[in-house]
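The two complexes that follow have chain A in common; it is paired with chain B in the first and with chain C in the second.
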Partner chain A sequence: MSDLVVRAEGLTRVFHDFWGRPRVTAVAGLNLSLQRGEVVGLLGPNGAGKSTTVKLLLGLLRPTAGSIEVLGRPPRDVAAKERVGYLPEESYLWPFLTGAETLAFFARLFDRGAPPERVPYLLETVGLSGAADRPVGEYSKGMQRRVGLAQALINDPDLVILDEPTSGLDPLGRRDVKAIIAELAARGKTVLLCSHLLAEVEDVCHRVVILVDGRAVAGGALGELLAEPGRARLDLPAVDEPTAVRLLNTVREVVGEGDVHLETPQRSLQSYFLEVIARARSGGGAP
Partner chain B sequence: MRRALRQFVTIARLAATETIRSPFLAAALLAALLLAGVLPLLGYIALLEKRRLVTDSLLALLLTGGSLSAMLAAVQSVGGDLRRRSAHLVLSKPVERGLWPAAKAVGVSAGLAPFWFCLALAVLWGSRTAADAYVIDDRAAGAFFVSLLAAIGLAALAGRRGRAFPAALALAAPLCFTVGFLVLGQVGFRGMSGSGWQLIDWRLLPALVMAAPGIALAAAVASALALRGEPLGALLVGGLLFVLGLMTDYLFAGGVWRVLWVALPSWLPFWSPERANWPEVGRAAAYALLYGAALHTACGAAWARKDLP
Partner chain C sequence: MSGIFAIAGLTWRTALRVRLAQLLAGLVVIILLALPAAVRDDGTVVGHAQVLLLYPLGLCHALLCLAVVWLGADSFGRDMRDGHVHLLATKPISPAALWLGKWLGVTAVGGSLLALAALGVLARVPDGAREALAGHVERTGAGVTDIVRLRPGESFTWTFEHGPSPGTPVEVRLCVRTPADVPGGLRADVVFGGQSGVVTLLPGRRQVFDWKEPQGPLSLRLTSHGPGELAMPLRDQPTVRWRVGSFAGNYLRAVVLLALQLAFLAALGLAAGSALSFPVAVFASVAYLVAALHAPFLRPMAAGTAPVDQVMAALSRFGLALTDALHRWWPLGRLAAGDLVGWDEIGRAVWRLGVIETGVVMAVGMALWSAREPGLGGRE
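Presenting the complex of A and B:
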């Protein structure tokens, strides 16, 4: 299999009004390529063209100009769709079907269906085993999001397109989703992630593309984009005050009287929250 | 081919379930059954033709009510999926564009089977209630309303146990009306010779079966119209086509109008209560199948190019 999973060149999509006059250019000359095993974040403010790009990749919209290949085929080719998974921005599921029935419905749309154990496996993966036989209409928004994620993975796709996958999820759910994305990448799957939550994109993506007004204005590997050239950070165990003063003085002797400071690092609220929940569930108190 | 067939059945089955669970359809079924129960009881100035008048009215109710309900259900199913974007999710899977509306139309038609079945029984029931030109068969009329109440009661009971009332009614109504019909068949009518079965006009059977493809054609037309994503417009155009389709032989019989006679759907092949026979039923079914397939092929070409924003 070629390592190039998505190739879009000069991708342009113009929406027209009733009279056929150009109304808005949602995507303008976008070049995008996704390699096998990459997790790529598609970022941008509202109306930047993220969802339009996703719909172009899925063949739901046709480009006004430019070309797209998904897994070496046009995006509308059913052979390409056979290997693509999609989680839309909102969960558009049928409220009267149970979680298990919803997954079984989507499984039957694929060439070889899905192995019988795939549905319970995915329900377990997204944490819905206990609610498999409840109608989706009775699910909370977070649970609907989870079943939506499960349907996106029903065919064990090579390319997974996730539009705001953590929308409506609590921190535990967000952590689970990030773990699922990491596992997909480890298995050589390609993930395109659209999200407004930059911290989450930062946690799981190898690379980002930033769209503004339908154009890619920045992009590249996260490590390169976020590095601060000319700065260095020393990470060490906690020390008492006299030792800290000595350390600072030593460093200042080497690098000069510049912006050198020593502080206690703070973890994120999310990691603190997850730790509290884990302790509470295991019967412990707050850390 | 096997994949396409499996997808077709899967989407059709979901559309049938959606239809059966539709509150609008449940309301339409109850209203139609209530009307079907009342029609044989009305006073007619029909000389000795009362029975024919009643059965003709009931057949018209079956075809008109069934077709309009099919249009409503198809627009609700196709238009609803487009509006909610469930269609986007299904079409992001390896499903050919043209397959989706066709499967929807078949599914909606299948979901209307309880409606057709109950109304078809009501027509036969009416032929018994109005068998005598002057006296109403009160046993038949009573049994009809008892069956209707039993169906509503059973569906309400199932509703209390967590089952959706419309879905429960779609099962309870055919069940209660079948039981009622079978019981009534064992009971004769005072003053008339023969058992209850002999009082029913079985010659109506081909006309009843003939209405089914007419209902399916309405679902096919409405599902094709709903692909534009404007449910209200689809319903209005569908309703207009249905009205025109009841008069095509009279409006577009000759000249340049003949083009419209060919192009527009006609519901006249599904309506011939006096002379309906089985070959005619076959011709009606073939017309519905061929017209539906041609319509979906033509609309499918435009639908395949349509963007789903």
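Presenting the complex of A and C:
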């Protein structure tokens, strides 16, 4: 199998008004390629063309110019869709179907089908086993997001496109989604992630593409983009104040006077919150 | 195929949650329960059965026609409005298969409600009326002339080809006209199917004579004994009529024709909804239904027998041609008259209405839907 999962060249989409006059150029000459096993973040401010790009990749829109191949086929090709999973920005589910019925319905849309144990496995994976028989209309927004994610994975896709996957989720849900994305990448799946939550993109993505006004204005591996050349950080166990002063003096003797400082690191609120929840559930108190 | 049936099942479940479908299903039940009691008949069991067949069943069918075009027109529009199309269009089901699944679902809803209505009406048709309303075939005589005139002592013979097998009970229906009133009627000898008799013909009344077991080739020889001359214009000349099937069989075939019409209308509604927004699609589909309902008014204008100008006549012909799929196969009038709705007619209807006409509408609808961009969500 080729390692190139998505190839878009010169991708352009212009929206027209009622009279056929060009109104908005949502995507302008975008080049994009996704390799197998990559988790790529598609970033940009509102109106940058992220959703339009995703819809073009999924065949929901046709490009005004340029070409797209998804898994070696045009995006509207049914065979390509057999291997693609998509979580849209909104729920878009049928409120009268239960969670289990929703997944069973989507499983039937695939020619190669899904093994019978796939539905309960996915419900377990997204933490909805206990609510499988409740109508989706009774779910909270976070639960609808979870069942939406499960439907995107029903066919064990090679390419997963997630549009704001953690929108409406609590920190536990966000952690679960990030774990699922990491597991997908570990299994060689390709993930395209659209999100405004940069911290989450930073946590899970290998690479990002930043769109502004429909054009890719920056992109690359996160390690390279976020590195601060000319700076170094020393990480060590907590020390008392005299020891800290001695350490700073020693470092200044080596690297010279400059921006050298020592501080007590703070954990993130999310990390603290998760620990509190875990303790509460195991019967312990606050740390 | 499993994808098509999954879409059909989902369409079914969605349709049952549409308020209009619920309302119409309720109306069907109310019509079945209340209308037979509200409509007056002639006091006979046959008359009561005819009222049941024409009004409750006819009205239920009209409501179901409205329901299926509505549900069809709403189906794609609802998916666009509620965003379901984003999920469906990204799954490996072709636009044609999606379309077919929706058509199956809408048709199944209409068909189920039609079956409910048909069973409800059938259960209320009195046993005593079923014999009279069983499927009958009626034949006119071969070699008839525009008008037959018989003076006392003169005879005329009509021959009926392709009649029933020997021994089948037959009705002979005829009507005579006289220049002047003949209070006691005209006397005539009748020789029919190897049997003979003397009958009294009452001018101006369509009379029915039963022949229990006619034998041999069916020919009718009428010899007038007067008084006076009798005349029989073409429409009054004798016809023979005999039973060829049960009422239940005839009823079933009529319901099949109604179901084919619903399938056609479901395709029409979906095709409109494939290209147009929901209100426009419903308007177009309902306009088609209204035009089809006006066929009885359009026919004389199209035939030039009504005083209309050429433009109106041409428009009437166009309207009739456009709605031919519905009024050509209308079976309830014949069912209520006890006329046969034959298997040959079902075969023709399946081919022409079910395969050709519904198929063309489906193909157009699928092409329109394939040309749309689901991601636009009704914009642009």
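In the analysis below, the second predicted complex is superposed on the first by the 287 of 287 C-alpha atoms of A that agree within 3 Å, B and C clash if a C-alpha of one lies under 4 Å from a C-alpha of the other, contacts with A are read in each partner's own complex, and residues count from 1 in each chain.
Here is the rule we go by: a residue touches a chain if its C-beta (ideal position, glycine included) is under 8 Å from a C-beta of that chain, and two chains touch if they have at least 3 such contacts.
Remember, it's a predicted structure, so these values are computed and weren't measured experimentally.
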(message) Do chain B and chain C fit side by side on chain A in the superposed arrangement, or is it a clash?
(response) clash
(request) Answer with first, second, both or neither: which of chain B and chain C does A:R174 touch in the superposed model? (result) neither
(request) Quick one: classify A:K189 as touching chain B (first), chain C (second), both or neither. (result) neither
(message) Quick check for you: in the superposed arrangement, does A:K50 touch first (chain B), second (chain C), both or neither?
(response) neither
(request) Would you sort A:H16 into first (chain B), second (chain C), both or neither based on which partner it touches? (result) second
(request) Considering only touches as defined above, state whether A:R118 meets chain B (first), chain C (second), both or neither. (result) neither
(request) Identify which of the listed stretches of chain C (149-157, 185-193, 221-229 or 311-319) has C-alpha atoms clashing with chain B after the superposition. (result) 311-319
(message) Taking the stated contact definition, name every residue in chain A that is touched by chain B in one complex and by chain C in the other, in rising order.
(response) 15, 55, 58-62, 78-79, 81-82, 84, 86, 88, 90, 92-94, 96-97, 105-106, 108-111, 113, 151
(message) For a test of understanding, state which residues of chain B touch chain A in their complex under the given definition.
(response) 3, 6-7, 10-11, 14, 17-18, 21, 84-86, 88-96, 164, 305, 307-309
(request) Name, in rising order, each residue of chain C that touches chain A in their complex. (result) 2-3, 5-7, 9-10, 13-14, 17, 82-84, 86-94, 373-376, 379-380
(request) Show which residues of chain A lie in contact with chain C when the two form their complex. (result) 15-17, 55, 58-62, 78-79, 81-82, 84, 86, 88, 90-94, 96-97, 105-106, 108-111, 113, 151
(request) Mind listing the chain A positions that touch chain B in their complex? (result) 15, 52, 55, 58-62, 78-79, 81-82, 84, 86, 88, 90, 92-94, 96-97, 105-106, 108-111, 113, 151, 155
